[in-house]
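Got some structures for you, see below.
Here chain A shows up in two complexes: once beside chain B, once beside chain C.
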Partner chain A sequence: MFGIIKQKLPGPKRFTLPFSLSLKTREVIAAYIFLAPFLIFFSIFFVRATISSVNISFYDWRLLRPTRPYVGLDNYVDLFEDEIWWASVGHTVYFTAITVVGTTLVGLAAAVAVTRPVRGQGFFRVLLYIPQLMSVGAIGLIWNWLLSGQFGVINYILSFVGVRPINWLGEPDLVLPALSLATIWWTFGFPMLIFIAGLQGIPEQLYEAAKIDGASGWQSFVYITLPLLRPTILFVTVTGVIGHFQVFGQPYIISGGGGPGRASWTVIIYLYQQAWVAFRMGYGAAVAVAIAIIMAVITAVQFVTISRRVEY
Partner chain B sequence: MNLRNSSLFRYAGAYIFLIALSAFVLFPLVITVSQSFMTNQEVNRWPPKIIPTEPTLEGYHAVLTQQDVRLDMWLRNSLFAAAGYTAAVLVICAPAAYAFARLRFPGNKVLFAFLLVTIMIPGQVTLIPNYLLMRDLSWIDTFNALIFPGAANVFGVFLLRQFFMQVPQELEEAAILDGAGYFGRFWHVILPLSTNALTALGIFVFLGHYNDLFWPIIVTSSLETRTLPVGLSIIQSSYAGQYRPMILAGAVLSTVPILIVYVIFQRRIIQGVTLTGMGGR
Partner chain C sequence: MFKRLSLISFALLLAMMGMMLSFSLRSTVAQDATATPAPTETPIVAEIGAGGTHISFWNGLTGSDGVTLNEMLAKFAEENPDVSVTVEMIAWNTLYQKLQTAFVAGTYPDMFLLHASEIPQYASYGVLRDLGDQYTSGGGWLPDDDLSETTMSGLVWDGMIYGIPLDNHGRGLWVNTDMFEAAGISPDPATAPTTYEGWVELFQKLTLDANGNNALSPDFDPENVVQWGYACGEWINVNFIAALYQHGGSFLSEDGKTITVNSEAGITALQQTYDLIYKYHVTPPPAGFDTWQGFGAGTVAVLPTGTWYRNQSLLQTDINSRAWPNWQFGPNKATWFGIHTFMVPAGLEGEKLDAVLQMIQWVSEHQIDWAASGQVPARLSAQAALDPENYPSNILLGQTFSEYGVQDPQTTVTQELLSLLDAGLQEALNDIKPVEQALNEAAELMQEALDRG
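Moving on to the complex of A and B:
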């Protein structure tokens, strides 16, 4: 055994080069070799694309037309004056708000229940996360049928409490809550798992101390659990807002491309319609930039609120 | 037995809630599976039937043989593209994460801060220029379009960098004494000690791609090159009014592969969500 080590000791001969590089230089070269594939792909598909998107948005660029006149800010002016755009923004904000509140509440309640010392904890956790794994394609087909006004099972269940059949996907006022219900069903599993991890990080002694002081279960939830979960709640709502604001598949599949009429057009449906149905690339690029700005503002506002609140 | 102390009694509220929530989760799935075995007449009935009187495979037969429905092909495309994408992400992001975590080079901090800022910019801005690039490269309707544009996954770099930094420095120093170069240290020390992070990232990147809808809609156009979610949306729009059991059968068949993955990697997926913060929408 010692013999083997002795044999290895003479050191790495294979690095002998005709000229010598300092260790520092070698590390720099190695670093850039390691980074190269990432930087190449990132530059082409992200940096170039982002800059190009802003550039395209200044042109009246239509896919099927040979000329692309420069129009300055016209696309943005048109966008600003388009009622359909603002309606889509409104739908998206409404959908995002109820979906994020819904998934957060259901996820939190499920996490609290599942972290009680109940039997079958692991089983419930695995079961309740199933929908989150499904594709929007599959959940789209399922919920389009469940919500059907004619033969839908949701209406069947409601009929037992005396509710007359409702045309969920045909009523402009009901389609967004209906899509939101489907989305809450689909996506509460992620907040649930994040909340479970958050709850497990709260020291058990705090609850014991509260109990000795005579606190009820609800009181310890409000005065111990919720304040200590604040960072988790903020993570869940921030990721939820970013994710759900980009909703596309649910209106595309469940309510037939954003129907009835344009009642469930979201900003991404609007982008899709402009760029890939009307083939208006320049206008579409302006839409994409606008969406990016809105989302950056929302995220920034959330981060500011977070940092303020955490300071106490 | 003392009823007051048994957990069943003390946590009755939690049990009732969990059972109700499980019912809410399972109900749509059970209805879908059950009605996928019905005939078209039986599905289109009020009040709806929950259990098929005479289970039939008509819907499944139709979804696999219909001229304009190529479920087998879509499934193959989805699996192949998702696997290729996952491999590309790992191959591209892991070395970059290693450089950021362990190597000293000019621009390390600046570059990393720049990547942090870009995470604030939503991917939608890149859609139109990347789509135009795919057209120029004639990559529309090819796997290249589904695999490469998203392969430089910034989040993957962050995540792996975080884990690589936790690998004890001494282990790498030991490898240096054994004569390992940068690649040797990366390959023989860092990667084997980060398998948890690598699998978690791999699983979520795979699932995310398998379930993606928007990008495949715009970069595929022929029936043979569609992916599963796009294919399902096509069945929905062309057959919703005509043949519901077939649509439900499509939903069931497209979900089975995911459930198989879930059963196998169940623990890793559940742990992976909290490990990585991935796995949401």
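Moving on to the complex of A and C:
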């Protein structure tokens, strides 16, 4: 029998730092190394652009004009006094309120529906999520046609119950609800997906215990599902407000640039008009900063009001 | 209960999705059944020729006119094999944005096509080459007297000529001749009314409700119109400009420093269109009504549109139609027109500049081919050589542009002014604000824009 000779082979030379670091510090450094690619792009394309926007907002900045006079806070003062801006803020808040509530409710209903064991569950989940995958251009064209006062399918359906054609996109009072309807149909898939994940995280035993105690399905939904979904609802509504507040494509495509008149001008349509139609980049930058501040305030308020009752 | 809730939610969602899909499908099938031949697709980018001297050319001709111009450039490249061209066709609004950023970045094209009304803006930035040396008055090849005075006036800014015009494109009417004959009205443009009252009566005769009553009938039901005599919704600002000048008004004061659209003439002009909608019920409000679709579907008798509608009327609809000169609502004659104009960046020089100028000259000297796009060639000699059989609308409308055409104002902020005017007109004509208030508010915003410069 030959004995096994263990021979210690020389391993790769280990790099050692001339000083010692704690495990936590080493972990932090490693984390930043992994984050570095993102942080570099984030700094160049977001942080730098944001700082630049704030800077531009203090100038009368036109793209091709050789001089760009410093105007201090004049752009902000003009903005504060601009009635069209405040009307656009009002339209945006109205639109955001309808769409956030709508997508949350429809998304939750859809999640509940497709979480129950139903035959073809996966197929229906995909089917309901498909609109979310479409581009705003495609959605815009489809809904422009659906809502058309001349040849629209919605008016066609309503004609069966004796309703005369409604000019959905031509009536100032109807245009924002109509755009909201299109948006809810388009975007409820994302909240649905988040709610599905939230629902799957609720222990089944809670429903079983409630059932043994005689709770009805509705009571289980109200007293078990909804309270345990609060973190999910917070996430859905916060991301919804951030997303819907920046609406542009729907009024731009469906209601012809924010019409009738300015009835569906949103804050981003207003920004677009100032920066890319009038080419007032300084004023447009002030609008962008104002939008960011408004969204930050709304998000903070949401966090304070909803997260008080959230159990993580 | 929970299960029932799930099932109800599920059923409702499914019904919603199914409804959308089924009607989409149904409509597609229905459209296919009546489909007319598909137009030639306009490429977004066209590579023409293979010569070593390469020209990049941007324009906003995204319709059939883009195809026509590319065909002309292909002939040019055949005759000039040392030149190649990359043509990028970009929607006009996007082109304005792209040009500005391209000039900032130094990545601008070797030549581009814009409207003459944009000359002051770009010229004031110092990015345009003075093309006065291309005209005979500057020792060049293009006879100044081969352009109408109205065309020439649009090309000059601050004493210099910055463009070589390709065409006059502007407003006229397309009338459904079958509807005219059914209403007992001659479709001959020589019989067109010359007063607002005459036009109102014409539109009333052509507007029908579901019971077949026209808008002059006491039994007419304005809530149930199936055939409109007129459709005011396309390009309401240029229609307004025509009516404004017809009533003796103007866009700007003579010194160019004051907005005058809200003069008495302006208010009268806008009120007349408002009355066509809400008093005489002969046109739907602008918002939510596609005028081309309405005309193509046989629900509009008189379509105010542009010279570019020629190919649409010939190739894309079954409607029997012909062109008429624009309406006359005021005591004076006036119709709006614009000029597609070749422009050259100030920084271009050497071999490329020579090639660009050579190509512009070639296209200008073959402008008669451009009539196939529906537009009116800018050169009077090309207009005179048009075949009346093939180009009746070009000839008819071209004469009106030369004789009494009015253009957008020449300012450095014209696009902004037109955008603000358009919003005000929309507010008035969609009954969001009273006519005078809407026009005054628009004029105030326009004045601020003009003062900012």
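Following the convention adopted for this analysis, the second predicted complex is superposed on the first by the 268 of 312 C-alpha atoms of A that agree within 3 Å, B and C clash if a C-alpha of one lies under 4 Å from a C-alpha of the other, contacts with A are read in each partner's own complex, and residues count from 1 in each chain.
Quick note on the criterion: a contact is a pair of C-beta atoms (placed from the backbone, for glycine too) under 8 Å apart; a residue touches a chain by one contact, two chains touch by 3 or more.
Treat the numbers as computed from the prediction; the structure is a model and nothing was measured.
Undergrad: Output check: A:232 vs chain B and chain C. Expected answer is one of first, second, both, neither. What do you get?
TA: It touches nothing on chain B or chain C.
Undergrad: May I ask you to name which of chain B and chain C touches more residues of chain A?
TA: Greater contact footprint in residues on chain A: B.
Undergrad: Tell me which partner A:164 touches in the superposition: chain B (first), chain C (second), both or neither.
TA: second
Undergrad: Thinking of the overlay built on chain A, is A:284 touched by chain B (first), by chain C (second), by both, or by neither?
TA: In the superposition, A:284 touches chain B alone.
Undergrad: In the overlaid three-chain picture, which partner chain does A:141 touch, first (chain B) or second (chain C), both, or neither?
TA: The answer is first: A:141 touches chain B but not chain C.
Undergrad: Determine, under the contact definition given at the top, whether A:119 touches first (chain B), second (chain C), both, or neither.
TA: first
Undergrad: Contacts for A:92 in the overlay, against chain B (first) and chain C (second): which applies, first, second, both or neither?
TA: Neither partner.
Undergrad: After lining up the shared chain so the two structures overlap, which partner does A:65 touch, if you call chain B first and chain C second: first, second, both or neither?
TA: In the superposition, A:65 contacts chain C only.
Undergrad: According to the stated criteria, A:221 is in contact with first (chain B), second (chain C), both, or neither; which is it?
TA: The answer is second: A:221 touches chain C but not chain B.
Undergrad: Look at A:127 in the shared chain and tell me whether it touches chain B only, chain C only, both, or neither; answer first, second, both or neither.
TA: So A:127 meets both chain B and chain C here.
Undergrad: Of all the chain A residues, which ones make contact with chain B and with chain C?
TA: Residues common to the chain A contacts of chain C and of chain B are 106, 109-110, 112-114, 116, 118, 124, 127-128, 142, 145-146, 150-151, 153, 156, 185, 256, 276, listed in rising order.
Undergrad: Enumerate the contact residues on chain C facing chain A in the complex.
TA: Going through chain C, the ones touching chain A are 1-7, 9-10, 12-14, 16-17, 19-20, 23-24, 27, 93, 97, 100-101, 103-104, 122, 125-127, 223-224, 284-290, 293-294, 297, 299, 413, 415-416, 419, 423-424, 426-427, 430, 432-433, 449, 452.
Undergrad: Mind pulling up the chain A residues that touch chain C in the complex?
TA: Counting only chain A, the residues touching chain C are 63-66, 106, 109-110, 112-116, 118, 124, 127-128, 142, 145-146, 148-151, 153, 156-157, 164, 167-172, 185, 216-221, 255-256, 259-263, 273, 276-280.
Undergrad: Within the complex, which stretch of chain B touches chain A?
TA: Residues 7-8, 11, 13-15, 17-18, 21-22, 24-26, 28-29, 31-32, 35, 43-48, 50, 91-93, 95-96, 98-100, 103-106, 108, 111, 115, 118, 120-122, 124-133, 148-152, 154, 157, 178-179, 181-183, 186, 207, 210-211, 213-214, 217-218, 228-233, 235-237, 240, 244, 247-248, 250-251, 254-255, 258-259, 262, 266, 269-270, 273-274, 277, 279-281.
Undergrad: Give the list of chain A residues in touch with chain B in this complex.
TA: Within the complex, chain A contacts chain B at residues 8, 11-12, 15, 24, 26-28, 30-35, 37-39, 41-42, 44-50, 52-54, 56, 106, 109-110, 112-114, 116-119, 124-138, 140-146, 150-153, 156, 159, 185-187, 190-191, 193-194, 196-197, 235, 239-240, 242-244, 246, 248-249, 252-253, 256-257, 268, 271-272, 275-276, 281, 284-285, 288-289, 291-292, 295-296, 299-300.
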